[in-house]
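Listed below are the structures to be examined.
In what follows, chain A forms one complex with chain B and a second complex with chain C.
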Partner chain A sequence: MKISHDERDGVAVIRFEGNLDTNTAPEAQDTLDGLVAGGTTKVLVDFGALDYISSAGLRVLLATAKKLRGSGGNLRLCSLNETVAEVFEISGFSTIFAVFPSEAEALEGF
Partner chain B sequence: MIHLGTILGGAESSVPEARGKIRRLMRDLTNDGMVATRVATVASQLFRAANRIEQAGRIDVHLILDRAEPELVLDLVGVGGKMDCSVADAFFDAVHVVRVEGESTVRMVLRLPHLDPAAHQPRRQRELRDAVEEKGREALMRELTVKNRELQESFDNLRRTTTAKERMESELNIGRDIQMSMLPLKFPPFPHRNEFTVFATLEPAREVGGDFYDFFLIDEDRFCFCVGDVSGKGVPAALFMAVTKTLIKSRATNDFSPASILTHVNDEISENNESAMFVTLWLGILDVTTGELSYCNAGHNPPYLRSASGEVVRLANRHGPVVGAVEGLVYGEDAATLQSGDYLFVYTDGVTEAMDPAGELYEEDRLVRVLEARDYDSVEEMVAASTEDVWRFQAEAEQADDVTVLAVRFTGREGGAAGTHVLELEAGNRYEEIDRVNRSFDEFASTHGLPEKVRRSMKLVFDDLLNNVISYAYEDEDEHLIEIRIELSPDRLAVRITDDGHPFNPFGRTSPDTALELEEREIGGLGIHLVQNLMDEVSYTRRTDRNVVVLVKYLSHEAAENEPSEETT
Partner chain C sequence: MTGAGARTSSQGARLLRERSTFRVVWDLVIVAAVVLTGILIPLQIAFIREVQWGGSLLVYLLDVVFLVDIAVSFRASYRAGGAEVTDPAAVARRYRRSGFTADLLGVIPLDALFLASSAAVGGVPLALLLRATRLLRLQRLLRSFRRWERLHNTNTGYLRITKLVIGIFLLIHWIGCGWFLVAVLEGFPENSWAVVAGIDGLDRGSQYLRSLYWGFVTTTTVGFGDIVPARNAEYAFTILVMVLGASMYALIIGSIASLVSSIDAAKAAFWDRADGVSQYLRTRAVPESLQRQIRDYYEYIWERYRGSSTQQFLRDLPDPIRLEVVFHLTRELIEKVPLFRQAEPALRNALLMSLQPLVLVPGTFVVREGELATGVYFVSSGELAITTEGGERHLGHLKAGDYFGDLSLLLGERRTGSVHAETHSDIFFLPSADFERLRSAYPEFRKVLREIASAKSEKLEDLVAAGCIL
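Coming up: the complex of A and B.
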């Protein structure tokens, strides 16, 4: 998996490319933890280049969202492919996360 | 959402009527006897379970057409959370507990792709909706209203009967409960095996009847199946049946001869048979790789063999009298070799002795005509066609005896291999190995053109299941091998994962609550929940010292979903 991030209008935008699963979750968690520890409060995760996410990946998102909420921040997600969207539906994550169709829409009013 | 009617539960004796009602309704809706029979079977099982906890309940039937795929919703109202609904999981697309009008309700949802013109034929969908709403719905409602009234009246009558009769009835009901709870009801029972298929149905009569069927794999290649009819009724007959079934199964684990099995079972039963009950039995053992069948008929109706070419042969030989009557008998057996595409059809006398309103018997000729009528596509279709023919014949006459039908279709390895691709992998119990498995699977998937969505779902499933095994299956620090067998056929992707860890059923836990708020959410169990929802079938068995998990994803369904609908083009 490749992880890239940049900042737009005060929002940290993280792009995951490949798989967010057992083997890549630790790296993803480190990256997100680093941002939160560095004082970032607004995080947008762009899933546009993600192939699939397993429960190990969901765990990372849940942990990050809880940490951000603890520090008054917020997590948004965008550009889910069909499989990722289905996983969000099945797990109930689609109702507890703010999910947007595109990066532009997610950044609007963040 | 269209309300198609309400079916009332109540005493055991009302279940066959309710079952018939659901079957007719489903047949009218789907024009598919097989789906109708299966939905009716599951619904009647749940009614029985509801009656057992003295929460008779009712089933509200709704049809939802304003979705991409029409859904039939059966609400078993007033019993939610109190009963085991696992029997419904195997057949319905979703089963959950909801609140309906303040009552805890088991909601069973069945998608009806048969009714699904939405994806490509919007016009047909309109016609269908019109048909159901106008003509169809009116007709169905009229019929259901009348039947409901009749059912309520007979229920009221029943409550007014004398105590003696109630006692007798309740004894019969308990016997019936025991009988029905012993039957394997999950179909297909062996989704990972494509050498053979089996389907069976037992329609109990109102009062008399002691039919049963059973089937199981003795080992990897030997499939044992039997159909029987116990003399007598009520609790004694049901217990006799339970004993017979248990004796057969325990004997068959190390005795592969039907004659020998029935000889021993007969000795065991006759030895202490003070009740003088007996059972007619037909038992066969099929080698699912070679098609070799050995069978023993102990006073039972001779079954039929339907060859792939359409020839119907009666397996007429009998090898001894009914089991339980005479101690010390030695039974014989016969052998036959099934060819790819052959069907074996076993039944009880409830079929041939079904009576029409004029008192005429159904008899074997009619059965043979149904078997000869056409080339059946599946065991389900053959079973549905034969039972439907009996119900048609019986019409309004009361069902006098249990009707049991079991069909086995042999395909063999060669037949099953047409258009089938297999990938076999071994992975060590290290997390990095998951990556390797998924890379091999990616290559396999792209070589054989697996749909993108299935490929992604499958990789996620591998990640979660293998993670589960590697994390929890082993108590030592040693190296272990996990075997993965992936079989892709034109209509399905079947995966078998075998590990030598300690016994653990990953599907044995309850699903996590996915409706909780962020703060309350825990991640435990979520991976398995995803697997169960993304796959069409999941199963777990412990085979000697190994855990075997089998997953099936149907492909035709998936392909249809991916087709662009006309409305968007």
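Coming up: the complex of A and C.
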């Protein structure tokens, strides 16, 4: 999995590419933890290039969201592909996270 | 109009439907009237032996009831070939062929012609003897019982017991009346049983009681010997009663045995099966605690479903009826589980038809850690516990209205948590194949799930954060 990130209007935008599963979750967690530790309070995870997410990936997102909430920050998700969107919708994660169709819509009013 | 008990046919005639309230009430009235006739007429002939104003009025009132019954029978639908026949012409034709003649003979007041006459046979007024034609009404009693046995869902065993009790009581009543009538017709000679027993001068009530007592003693083959025949007619009557008594005794024993076994047939068959399972488990040295759990399961199934496992029973039904039954059985679930509340009728029916009911006794595991997802579970009643790490860590409870098993199915992962029943629970299982089929056949399924997912988001967040995937 490839992870890249940049900053837009004070929001850290993280892009995951490939599969976010047990093997890649630690790397994703480290990246996100690093951002939170560095004082970032607004994180947008762009799933546009993500093919699959496992329970380990979901735990990474939950842990990050919890940390951000603790520091008065916020986590948003955007550009979920059809498969991932279905998992989020059916299992109920779309109500736990703020999910947006595109990056632009997610950044709006962040 | 069926509620009011009538239906207007194409010919304009009013037909009384078999399940109408009127028919049910009328059947009860007729059964009571037949029993009253069966008691009253022999009593008048054997013990009253005079035309009394009150007794006659009662007899004619009963005649009116049976006259109305003839009119009712001409308009009462019947059942043939599994269907209710509601054609008035067919109904009338059938009644004319079966029952009408006996009913008609039973209401013709032949006795009225001799009310003022002093004609008598052996001291019994002819008018009273002619009232015996009304006993033809007994066949009407059998018709009512036959109808009830076919029509009602109640255990026919109880109906047969009622029929047997009425039959035995009437028979012994007639035997008692007949026994006294023998003495009456012979004019109470000195050696007749009634004179020897010293009841010829007693009041009617005492006479009846002694005669009835003799009927019971003889038919039940007890035979105390305190009242014995002395004259030929009495011997002949006693022989007849002995034959009747022996047959009745055999009939009673046979009927009671058959009734007891038929009333308890379902129970006996169920517990035979349960005992067979217990015996097998004992033979195979299955742990005592598991044996107790299985016994508990059978007891719960018996208490809750009277032995008919829902699943087994549903398999025998055609789809449309099964849907109706499932809809009824799961109405509680439909009200409690948001999935059913939110789903459109078509999706809800498809869900209901795919659900498999499961009955759980305390301690039974529904899903275990490490298992592959096989479907989604919906809790209908009871309380279940979520655990991980081999049951060491308790993560929460599931109760009526909750569902689980969807996440491991969607993610294609093995479960990392277990769920077991803490109380007796009823749950419904939606197999993964059906879950997938519904997802593709009903696009709104996903929408419904999204809408209802918020209710379980908090619990879901805690479980996933704790590493528990169900």
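Criterion: the second predicted complex is superposed on the first by the 110 of 110 C-alpha atoms of A that agree within 3 Å, B and C clash if a C-alpha of one lies under 4 Å from a C-alpha of the other, contacts with A are read in each partner's own complex, and residues count from 1 in each chain.
Just so we're on the same page, a contact is a pair of C-beta atoms (placed from the backbone, for glycine too) under 8 Å apart; a residue touches a chain by one contact, two chains touch by 3 or more.
Keep in mind the model is a prediction, meaning the values are calculated, not measured.
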Which of chain B and chain C A:92 touches, first, second, both or neither: both
First (chain B), second (chain C), both or neither touched by A:4: neither
Chain B versus chain C as contact partner of A:55, first or second or both or neither: both
Touching partner for A:102 - first (chain B), second (chain C), both, neither: neither
First, second, both or neither for A:69, with chain B first and chain C second: first
Chain B and chain C footprints on chain A, overlapping residues: 53-55, 58-59, 62, 66, 86-87, 90-92, 95-96
Residue ranges of chain A in contact with chain C within the complex: 53-55, 58-59, 62-63, 66, 86-87, 89-96
Touching residues on chain C, where the partner in the complex is chain A: 406-407, 410-411, 413, 416, 446, 449-450, 453-454, 456-457, 460-461, 464-465, 467, 469
Partner chain B, residues of chain A touching it in the complex: 19, 21-23, 51-56, 58-59, 62, 65-66, 69, 81-83, 86-87, 90-92, 95-96
Residues of chain B touching chain A in the complex: 431-432, 434-435, 438, 453, 456-457, 459-460, 463-464, 466-467, 514-519, 521, 523, 526-527, 529-530, 533-534
